[in-house]
Each structure stands twice: as C-alpha cells, then as structure tokens.
Amino acid sequence: SKKPRRERAQRERSVVENLTVGLNVIDRDDKHINETVNINFEDVIAEPDAAQGIEAIWRGVFLIFTGVRFWAYRLLALFLAIPIAFVWAIVFTLITFVYIWVATPFLKVFDILLNIIRRVWTGLVMTVCEPFALAFASVFSGIRIKHQSKPDSEV
Amino acid sequence: SKKPRRERAQRERSVVENLTVGLNVIDRDDKHINETVNINFEDVIAEPDAAQGIEAIWRGVFLIFTGVRFWAYRLLALFLAIPIAFVWAIVFTLITFVYIWVATPFLKVFDILLNIIRRVWTGLVMTVCEPFALAFASVFSGIRIKHQSKPDSEV
Amino acid sequence: SKKPRRERAQRERSVVENLTVGLNVIDRDDKHINETVNINFEDVIAEPDAAQGIEAIWRGVFLIFTGVRFWAYRLLALFLAIPIAFVWAIVFTLITFVYIWVATPFLKVFDILLNIIRRVWTGLVMTVCEPFALAFASVFSGIRIKHQSKPDSEV
Amino acid sequence: SKKPRRERAQRERSVVENLTVGLNVIDRDDKHINETVNINFEDVIAEPDAAQGIEAIWRGVFLIFTGVRFWAYRLLALFLAIPIAFVWAIVFTLITFVYIWVATPFLKVFDILLNIIRRVWTGLVMTVCEPFALAFASVFSGIRIKHQSKPDSEV
Amino acid sequence: SKKPRRERAQRERSVVENLTVGLNVIDRDDKHINETVNINFEDVIAEPDAAQGIEAIWRGVFLIFTGVRFWAYRLLALFLAIPIAFVWAIVFTLITFVYIWVATPFLKVFDILLNIIRRVWTGLVMTVCEPFALAFASVFSGIRIKHQSKPDSEV
C-alpha cells in the first residue's frame, strides 16, 4: 500500500501547487510590511577590527546563529503557522463582514444625523458668537500703508 | 414535477438578472467606501527574507487563509446579507422620509427665526463693542513702509 | 354610471396637470437641499475585491435594498405627504406673514434707535480711547522692508 | 586512533568552511554597527611630546595593552560567543515569529477599528467645534488696506 | 654568568622590538588626544619685557622645571605605566565584549518592540487630536482682504 499512498501524496501536492500558482514563494514580503524583523546575522553581531576572536569561533557563531534561527523558525512555523493563519482568517472575515454590513451603513446614518445637528448647532453658535467677531473685525479696518520710496541715489 | 420546477427556477433567475441588469457584479465597491477592509493575504502575513519557513507550509498558509476567508465570508453573506439589507433599506427609508418631510422644512423655519434674533443681537453687540474696535484700529493707521531698493551693482 | 365617473376622473387629472404645468417632475431637488439623503445602494453597501460573496446573493441584496426602499418610501409618501404638506403650508404662511408685517418694520425701528445710541457711544469711546491707539501706532512706524532684487545674471 | 581522529577533525573543519563560504572573516563589521568599540591602543593611551617616558616602558605598555586585550577577548569569545549566539538566535526567532504572525495582523485589525472610531470622533468634534471656528473666522473678514503712495518728489 | 644574562636581555629586547615594530616611539600622540597636557616650560612661565629677573636665575628656573618634570614623569611611568595599561586593557576588553555580544543585539530587540508601540501610539494620538486641528483650521477660512487705493492726488 506504499505506492498508492505516495501517489496520493504526490497528487495532493500537485493540487496545492495548482491552487497557489500565483503565490510568490521566493519574495514572501512583497509590500515590505515586516521589514522591521528582516534581520540577518550581520545586523546583530559584529566584531570591529580592534576586537576579533578566533576565526573558527566566528565561523561557529555564524553557523549557530543562522542555523538555530533557521530551524527554530521552521519548527515554529511548521506547527503554528497553519492554525494561526486559520484564526486570523476567521478574525478578518468577521471584521470585514461587520465593517461592510454594519459599520459602513451605520456611519452613513451617523453622517445624516450629524448633518441635522450640525446645522442647528452652527446656527446657534454663529448667532451668538459671530457678532462679537464682526464687531472686533473693525480693528483691522483702518490699516493705512504709506509707501515711501527713497529717491534713486544715482540721479 | 421536477422539470417545471427547474423551469420556474430558471425563469426566476432570468427575472432577477433582468432587474439587476445595470449592477456591476465584478467591481462591487465602485466608490471605494470599504477600501479599509480590502485586505488580501499579502497585506496581513509576510515572511521577510531573513525568516522564511518551509515552502509547503507557506503554500498551505496561503490556501488556509484565503480559503477560510472566502468560504467563511460567503457563508455569512449567504445567510445574513439579505435580512441585513432589508433592515438597512427600512432604516434608510425612514431617515430619508423624516429628513425630507420634517427636518428640512423645520431647519428652514429655524433659519428664519434665527435670522430675526441674529439681526437684533448683532445690532446690540455691534453698537456696544464696535466703537472700541474702531478706536483701537488707529493702532495700524501709521504703518510706513520704506522701500529701499539697492542700486543695481551692474550699472 | 361608470362612464361619467371615468370621464370626471380624467377631467380632474387634466385640471391638476394644467395647474402644475411648470413643475419639474423629473428633477425634484433643483437646489440640492436634500443632497445629504441622496443615497443609493452603492453609497451604503459595497464588497471590496478581497471579500465578495456569491453573485446571486449580491443581486438579491441589490434587489431587496432598492426594492424595499422604493416601495416603503412610496407607501409612506402616499399616506403622509399630503397632510404634512398641508401643515407646513400653514406654518410657513404664518411665519411669512409675521416676518413681513411685524418683524421687518420692527427691525427697522430698532436700527434707527440703535443708530442714535451708536453715534453717542462711538463719540464717547473714540474720544477716550483713540489717543492711546494713536500713541501706540508709532510702534509700527518703523517697519522697514528692504526689497533687494537680484540683478539678472543673463544680461 | 590518532589519524582517523585528525581526519575527522579535518573533515568537520572543511564542512564548517563550506557552510560559511560566504562569510567575511576579515571584515567582521560590514555595517559598522559596533564602530563605537573599535578602539585601538592609540585611541586610549598617548604621551604628548612634553611628557614622554622611557622608550622601553612605552614599548612594554603597548605590548601589555594590545596583548592582554587580544587574548582576554579571545578567551571570552572562545567560551561565551557560541552560547550567547545561541540565546540571541532563539530570542530573535521568537520575536520575528511573534512579529510576523501576531503583531502585524493585530496592527492591521487595530487600524481598521481605529478607522471606525476616527470617523465617529471626527464627526463629533467637527460638529461641536467647527461652528466656533467659523464664527470667529469673521474677525479676519474686515481687513481693509489703504495704500497711500506719497507723490513723487522729483516732479 | 653575566654574559648569558646580557645576551638573554638583548634577545628579549630584540623580541619586544620585533613585536612593536610598527609602533611610533617618537610621536606617541598620533591622534592628539592628550594635546591639552602637551605643556612646555614656555607655556607656563614667562617674564614680560617689563619684569625680567637675573639671567642666571632664569636659566636655573628653566633647568629645574624641565629637569624635574622629565625625571619625575619617567619614574612614575617606570613603575605605574605597565600595571595601569594592564588594568585598562582588561576594562576595555570587558566593555567591548559586553557591547558586541549583549548591548548591540539588545538594542536591536528594543528597536523592534518600539516599532510596534510606535504604530499603536501614533494611531491613538492621531485619532484623538487630528479632528480638533481640522475643526479649528476653519478659523483661517474667512480671511478677506479689501484693497482701497486712494485716487491719484495729481489729477
């Protein structure tokens, strides 16, 4: 029963690849939304010229850091990526649904009601406050600018 | 009785399509009012170059996220879209009716009354306050600007 | 007696049409005073590209929303529009009458009285306060703006 | 059993060198992130012309300083570099994982919620505060500037 | 046994000289980090023309000052320079090690965490404060400037 199983696995894989045919598996951060954590070995650990350890240790450090990161991330992603993606898919679907069918129409109703309140409130405030502003606008009514161009000194 | 039923279903569908002949079913957000939730996979989840998991898992994550979103939204919309649309239709009709037949005429009456109050109030405030403003307007009456154009150095 | 009744109805209708011959029945909001509630289906409900339900449901939603709005508003207007119009007609007539025959002449009297008070009050305030303003006007008498036009380097 | 051991060691070393073939072992601070501690003998200890000790002591001081630094750093790095690199690899992996799979999607959700709150809050604030701003805008509505150019004194 | 000892001393000296072959023993303050204490006799003691003592005394003062400085510094450096250089070498090594292997990676982690907090905090502050700024922007919406040029007095 090994052969049919392998065949099935192969078929499944080919189905997955067909469904994700447009997915960019090389550059997985097209829009650079996680550029902040795009951190390599040389961004974290560096020995300046004045303090360099043994070359073998440096090679070992590089191997340990990159290797551990590589495999630790792979393991975490292997077990957690799918369920987390599932949860976020549900969360975003609910938010999208509520936003489309509840929030947007409600904000439209809110705008209309606010428009009525705004007109009444603007009318009251303008009536009470504008006369003061108009009265004190006269402060700027008497600006007289006298231009005194000095005669050309060359004449 | 299967055939007539199918025929009836087909006829009903063709009626719906005739009634919605101008509806854009491809671009359903013509005015971009829900652009905020126009969120795809690459807007939410991204692995920068320094942290990339196994390719198969990445493909799986993509499938799970997009698949779950697709079907979860479809299911929600299938059962809730029609009743929610019905409710909003009633709400917007009532608001529209009240706005047209009550709010707008009332705001017109309000404007007229406010106009009378405004004239009386403006008259009183202007009478009391404007003289002060006029008196202090003289502060700006003596601005003398002296133009001192430096002679052209090329002459 | 069926024929005379139909004739009478036709005559009545033709009378109504003659009396409203200049009325724009197509564009009923010439001055856009109710633009706020000029809300169509695409202003309220929209599915962005990332979240689109089944096409049939979308067509159904459109039909339900526009259909319910259309008929609900028609029904409301059928029974309420005429009495509401009657009430507003009475209200606006009363306000207009009072405005023309009481408010405007009173405001004219008020303006004249205010004018006398204003001249006395302005005279007093100007006499007391303007000298201070004139004295402090010298603060701005020393503004010297030097225009330095750079010579054209191309000549 | 000495020979096979040496061979194995050699093989291991060649494996490490193959795995780190792109690693720059000469310039270990490509991005100058630790330039601050790139401190040599002449940056710390210097005798100006007016105060110079015996030449042999100066040579000795140089040897002691550079030698102690060289070997002390090598020893520290020999025992601590690998475990520290391991710890940081784990830490950065966890941070990267949480950032990619939890923080970024959460911030996206936060943006959407904030967008709704922003629209409601903007509407309220604008409705309450804008009328005051509009009313007091009239203060600047009466600016009248009178230009008085003195007659040319050359005429 | 005197000869071998001298030979050994000579050999040691030649070893030291080989190890410090690149050391500049003439200009020991290449980077001028201790220019502040590069003080000679003429920087400290000087008799202006109007106050000059006996020439012999002046010569004696010069000899005493420079001689005492020279030998006192040499003695101090002979006994203390080497141990002090040792201590500083240890101190700088520890600081360098901690900086490279603890401080720099920690600062990187700090940057990432700060990035998340920054986005949340920016969102909150913008949401709360921006509407006020928008509302009060209307204060400047009513600037109306009326130019009144007086008729030419020459006509």
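Letters A, B, C, D and E name the chains as they come in the text, with residue numbers starting at 1 for each one.
Going forward, a residue touches a chain if its C-beta (ideal position, glycine included) is under 8 Å from a C-beta of that chain, and two chains touch if they have at least 3 such contacts.
Given the structure is predicted, the values throughout are model-derived calculations rather than measurements.
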(Q) Return the chains shared as contacts by chain A and chain D, ordered by label. (A) B, E
Q) Thinking of D-E, which of A-C, A-D or A-E forms a repeat of its interface, with over half the contact pairs identical? A) A-D
Q: Indicate, using Cα centroids, the chain positioned nearest the centre of all protein chains shown.
A: A
Q.
Need the CA-centroid distance for the pair chain B / chain D, whole Å please.
A. 41
Q.
What's the distance between the Cα centroids of chain A and chain B, rounded to whole Å?
A. 21
Q) chain B to chain E: how many Å between their CA centres? A) 58
Q: Specify, in ascending order, the residues of chain B that touch 2 or more different other chains.
A: 33-34, 36-37, 39, 43-48, 50-51, 69, 73, 77, 81, 88, 92, 95, 99, 124, 126, 128, 130, 134, 136-149
Q | Arrangement of touching chains [line / ring / star / complete / other] | A | other
(Q) Can you give me every chain pair that touches, using the contact definition above? (A) A-B, A-C, A-D, A-E, B-C, B-D, D-E
Q: State the interface residues of chain E toward chain D in the complex, per the touch definition above.
A: 13, 16-17, 19-20, 23, 25, 27-35, 37-40, 69, 73-74, 77-78, 81-82, 85-86, 88-90, 92-97, 99-102, 104-105, 108-109, 112-113, 116, 119-120, 123-124, 126-128, 130-132, 134-150, 153-154
Q: Within their complex, state which residues of chain A touch chain E.
A: 36-37, 39, 43-48, 50-51
Q. In their complex, what parts of chain D are in touch with chain E?
A. 33-34, 36-37, 39, 42-69, 72-73, 76-77, 80-81, 84, 88, 91-92, 95, 99, 103, 107, 110-111, 114, 117-118, 121-122, 124-126, 128-130, 133-134, 136-148, 151, 155
Q | Footprint of chain C on chain A - complex, ascending | A | 93, 96-97, 100-101, 104-105, 108, 111-112, 115
